[in-house]
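In what follows, structures are represented as structure tokens.
Next, two complexes with subunit A in common: one pairs it with subunit B, the other with subunit C.
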Partner chain A sequence: MTIKKPTAESAPPAAPHQPRPAESRAQRRFHAGDYGSWWWALPALAMVFCIHYLATAFGGYYSFTDWNGLGPATWVGIDNFVAIFNDPQMAGAVRNTLVIAIVFVVVANVIGLLFALALNRTLKSRYLLRVLLFAPVVLSSLAVSYVFRFIFAQEGALNALLEAVGLESWQRTWLADPTWAIVAIMTVLIWQNVGLTMVIYLAGLATVPQEQEEAAAVDGASMWQRFRHVVMPGIQPAVAIATTLTLVNGLRVFDQVMAMTGGGPFGATDTLATVVYRETFAFGRFGYGAALSLTLTFFVVVAAGFQLYITRRKH
Partner chain B sequence: MFRYTKLTLVREIGVVLAALVMLSPFYILIATALKPRQALLTTPAISWPETPTFDAFREVMGEAGSSGVWQGLMNSLIITVGAVAGLVAIGSITAYVLARKLSKVSNVVYALVIAGIVVPPQLGLIPIYTSARSLGLIGSQWGMIVLYIGMIMPLSIFLYAGFVRAIPREYEEAATIDGASKFKVFTRVIFPLLAPATGTVAIMTGLVIWNDFFNALIFLQGTDAATLPVFMYGFVGSLTSRWDLIFAVVIISMIPILTFYLFAQKKFIQGFAGGIKS
Partner chain C sequence: MMTLTFARPFRAAALAGAGALALAACSSAVGDTPEDGGTVDGSSISISVPATEAGVNPHVEFAERYMAEFPDRTVEVVELPGDGYANSTRTQLQAGNAADLIYVTPGAGNPQSLLPFAEAGFLESLSGTSAESTVPASSAALFGSDGEIYAQGLDLTVIASVANDTAMAAAGYALPDDFGALLASCADVQADDASVYVIAGTAVPNTGLLGISLAGARVYAEDPDWNMRRAAGEVTFADTAAWHDTLEAVIELQEAGCFQDGAEGGDFGTITVGLGQGTSYAAFIPSGAAEQLATETGSEFSLHALPGATAESTTVYASVNNALALTSGSKNKAAALAFLDWMAQPENLAAYGETSGNLPVGDLDPADLPAAYAPIADFIAEADYLPLPNQSWSSGEVYNALGAGIQGLLTGQTTVEDVLAAMDAAWDK
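Up next, the complex of A and B:
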């Protein structure tokens, strides 16, 4: 212990700090008040309250107004939300967000789980490959998206590869094609997050005792049966964490779209986060933008809650 | 059982090939950044440059090019370090109080703080943006640091709280018997014991802030305080198809974080895999 005696800068040697020899150790058992002081938490609580609750509540209020950032805000009821779902571009953004998020969750988790199963044990290169495959996770998703923008560019790597293997007929301007542009954005998301899901599944697999798998194998269980009935139940918590995390990240997709397509061609790759940015901060339509934000918040909270509910129940 | 057999070797080769496909974008990134400008237009995008050159790096870092790279790096560094210091100092002490006081109130407060991790920040950002605009805080490094501290505080508290619960209460008893004040018990006994948590918090929050684009774009775009991602976004927008220059900037932005990762990869991976375990 580094503290031997009260030093000069500590509070004046007030009575409460003096050991009271009359009391036994048991009598001196700690009261709840002895671990720090309540007010130590106040700066953080004030910040969290202002930024996460107060500001969000104000934002929620704006979504029912036509506020433009200046002047007074007029209450317009649910007009903004009606407008969102009647505007084909906004409805498209909602649909794109959901499609991207769902495909992303499924593919990123399946590939991540496959890599985790492959690199769990036995393979000699497993430590090196884990470190390399996780590397994209720590990078800026904006920077990563620029790499993929070049890969999918007209003069880019994918078309060059297709030419090299004699598949010129497959070449196209990927990011100018509404369907392929979405696929390209999903690809970046998946590529950057496979390392993350892999690491979560590896942590889950580490909790499955090898003896159980061996026992099942001795009893004649096939590889699939071992996975289905021994491994899967053991990694249920990891599945809950990885799918929820990827779902929330997928619904918030922003950087990848801004870097690769800017929402184009003709809004084909717009997502909720990109239209929130454009309407609110570029066009200054704060009321409408707040309504879009509230829609996004709604999807994220419902999705995360639903996800946790079904994965908990299975568990 | 589960020994290394011929079949395992086949499996190993397959996995290594799959990993190489996963890592191929790094090859494209480096090959393109090192290509001379003419080769960029005349050779296939997947070829390795015959005469690798650092011209693109010289151009984006030198006088002639935009020195915005350096400014962006400095801004990213100042804002990240400042916000992480705040998240460590304030997050640890708050988590300590919330996790140690076993009252109903502290449990409810803790749950409300943690809920902040899931709720997307966009909705709250709108009033924050308009107030920051009227207060003249747009483009302020201090404003950005405070905003990040508040936004990411729930994550910091969550990560610290798990570690605080694992510290036996006897430590505080012993220190108090030795005559330490409550504050000293925290700074001299608890905080040093939380060192592994501090490492995890610094890495996780530092990564979020260093890589953040959305918030930085809203509050710092077009100002002298623009961080690296915001600078990069403007830089790419100003020149299309100069992939050598774009990739030089992309590589420069990746080097600090990748260096850090290679030195502390265990801690990084544990943070992502274990921080969410509790």
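Up next, the complex of A and C:
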């Protein structure tokens, strides 16, 4: 469907020139678009600056001190950052953070997209299924994590199920196993967030015209070709939103780790966020913790920016 | 992962019974006039303590008894979440709105340890007050510096394994007197679908306590001044053979089947269930838990020393681990001191020890020891015990490195040498 531009022949005859009635200065400024100037936002900007950026700046300042939460802080330069990059436990925490974030982004988005495609149009019970799949999103992540902690426990439901089906050899102490503990955490993270990505993709799919898919089908395009060349370009903004959200949430994962393993066993599930918490609030190393927080923020900003760049370029 | 705290034993009420106290009788470090600390009559003070996990906080009941005895005085107990207590207290001290009295632990080895608070000037000296009678001479360095003390002890916590006597008797088992016999006995217990010990392998406070308990006979019984020598840089964890033996003993216990199945995945709930149901015979938990377990399960529990290489090398720890400190910013110092003085009366200390499940500070009559302490009565009667060593470690990070390291040993993720190196690194931070 095309829209014809009006031509000289089709255009309605121009109205005779009417002199504009005299306007006040305010009215003229209104018509000129002067109202709604940037300074109207100053109060809000000032509050955002003070509450958000100023507080962050203070945190940034403390990252260059040895403050222990008591008394005055002493400036130590970049010692905290040097210590971070020389700390062997940090390498493990960074690796775990990246592994969790990458696996979480890929799996949560793939499964969420598959659910969205399955529940987009035809299924009669799709509304009920959407609610059921989205329900974990509204639950407290701590509560969910504690429930799964019982499931993964030595005497928990998972091992009982494995025993019931004759797979005793698969039983293990899931949350104390250096290999499987991080898998258990990622499972909970993905289980709880698949509903969120599904909803985002459902919103994206709603913007893809059904006629385009039908036209592609009439033209002989296979299901994969229709998905690849019709649906995916249409939901590209949803992909950008969903992957960015999951990436940021994955990089700053905390609740699930603290509730299920506390970072153990022996740091096997430690992430940057849990190390920040432990160093700051358990050990009272506020300066070091602030430096760690700044490092984590840097990670998140760079990763999210890179991810946004990739998805925008594809779009 | 959190560091060791002993806030949990606070769970029973304290009984009152002290006579009225005249403030003049309390030779306090601060005055009693409105100008320098307020008045006592008609006063109101606040006490900040970690919240108990179950039941009524003993400080609440203790406060109620105090108010019943002195109707014109008010004591408000502020319960803060246990795992955030230290951080909340730091914030309040820094902001100048902390309670008049705060719960602290001696030394510098825990997040709520009093020495860092005192060094930062947030605590009032209690030297010259009745608090001095609650601080053992051997622990004075953990309660202050330069001859000053900054907290009042509440009770004496014994660190030994808490054992289910009923379950052991039913199985015909008795804890051996030496470590070799202990290892040899574990397989038989395991064959009966039980375990000698139940541990919370995922909880650093518990694995750390296991390590500390093993170090008693191996490190501190042989060299009680080891911590001082470590602080002076004369020794390190890594170059001390006794510390190697300590961590090797963890591996020996595991390989001998002394822990429950899946010990590395256990938590505090695992200990409660295992010990309560008698599927495990003993656990490394604060002594105050024995009475609570007995009440809740109907079984008999008692305290047993973890056997050393020989019966002669076996030892136990006993320390004043729980204390109250007066904050410098308090506007009710005279009233707070009056409360502390009332708590320091022998009859109140005795009542507090009874209700907390620990022992009262001060002189102990062996005849007055609770039945649960019978197996270690000789240690207590002869004062043949050691102070809890991690109180005088440089920070809570050392204890954390020990506890987390034992986790790693149980899962095979690390080695004894690496754990000891990590403890040294934590000490030197």
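Throughout what follows, the second predicted complex is superposed on the first by the 268 of 315 C-alpha atoms of A that agree within 3 Å, B and C clash if a C-alpha of one lies under 4 Å from a C-alpha of the other, contacts with A are read in each partner's own complex, and residues count from 1 in each chain.
The working rule: contacts are C-beta pairs under 8 Å (C-beta built on N, C-alpha and C of every residue); 3 or more make two chains touch, one makes a residue touch a chain.
Owing to the predicted nature of the structure, the values given are computational and were not obtained by experimental measurement.
Undergrad: Once chain A of both complexes is superposed, is A:Trp174 in touch with subunit B (first), subunit C (second), both, or neither?
TA: In the superposition, A:Trp174 contacts subunit C only.
Undergrad: Of the two partner chains, subunit B (first) and subunit C (second), which one does A:His52 touch, if any: first, second, both, or neither?
TA: first
Undergrad: Once the shared chain is lined up, is A:Phe281 touching subunit B (first), subunit C (second), both, or neither of them?
TA: Touch partners of A:Phe281: subunit B and subunit C.
Undergrad: More residues of subunit A in touch with subunit C or with subunit B?
TA: Counted on subunit A, the partner with more touching residues turns out to be B.
Undergrad: Pick one for A:Thr261: touches subunit B only (first), subunit C only (second), both, or neither.
TA: So A:Thr261 only meets subunit C here.
Undergrad: In the overlay, answer first, second, both or neither for which of subunit B and subunit C A:Pro43 touches.
TA: The first partner, subunit B, only.
Undergrad: Go through the superposed model and pick first if A:Gly234 touches only subunit B, second if only subunit C, both, or neither.
TA: neither
Undergrad: Could you pull out which residues of subunit A sit against subunit B in one structure and against subunit C in the other?
TA: 69, 153, 281
Undergrad: Show me the residue ranges of subunit A that touch subunit B in the complex, using the header's touch definition.
TA: These residues of subunit A touch subunit B: 1-6, 10-11, 17-19, 28, 30, 32, 34-38, 40-41, 43-45, 47-48, 50-56, 58-60, 62-63, 69, 115, 118-119, 121-125, 129-135, 137-144, 146-148, 150-151, 153, 155-157, 159-161, 163-164, 191, 194, 196, 199-200, 202-203, 210, 213-214, 217, 237, 241, 245, 248, 251-252, 254-255, 258-259, 273, 276-277, 280-281, 286, 289-290, 293-294, 296-297, 300-301, 304.
Undergrad: For a test of understanding, state which residues of subunit C touch subunit A in their complex under the given definition.
TA: 1-3, 84, 86-87, 90-91, 93-94, 111, 116-117, 120-122, 201-204, 261-262, 264-266, 270, 395-397, 400, 404-405, 407-408, 410-411, 413-414
Undergrad: Considering the complex alone, what residue numbers of subunit A touch subunit C?
TA: 68-71, 153-154, 173-178, 261-268, 278, 281-284
Undergrad: Note which residues of subunit B are touching subunit A in the complex, please.
TA: Going through subunit B, the ones touching subunit A are 1-4, 8, 11-12, 15-16, 18-19, 22-23, 25, 28-29, 32, 41, 44-47, 90-91, 93-94, 96-98, 100-103, 109, 112-113, 115-116, 118-130, 133, 146-147, 149-151, 153-154, 157, 169, 172-182, 184-186, 188-189, 192, 207, 210-211, 213-214, 217-218, 228-229, 232-233, 236, 241, 243, 246-247, 250, 253-254, 257-258, 260-261, 265, 268-269, 272-274, 276-277.
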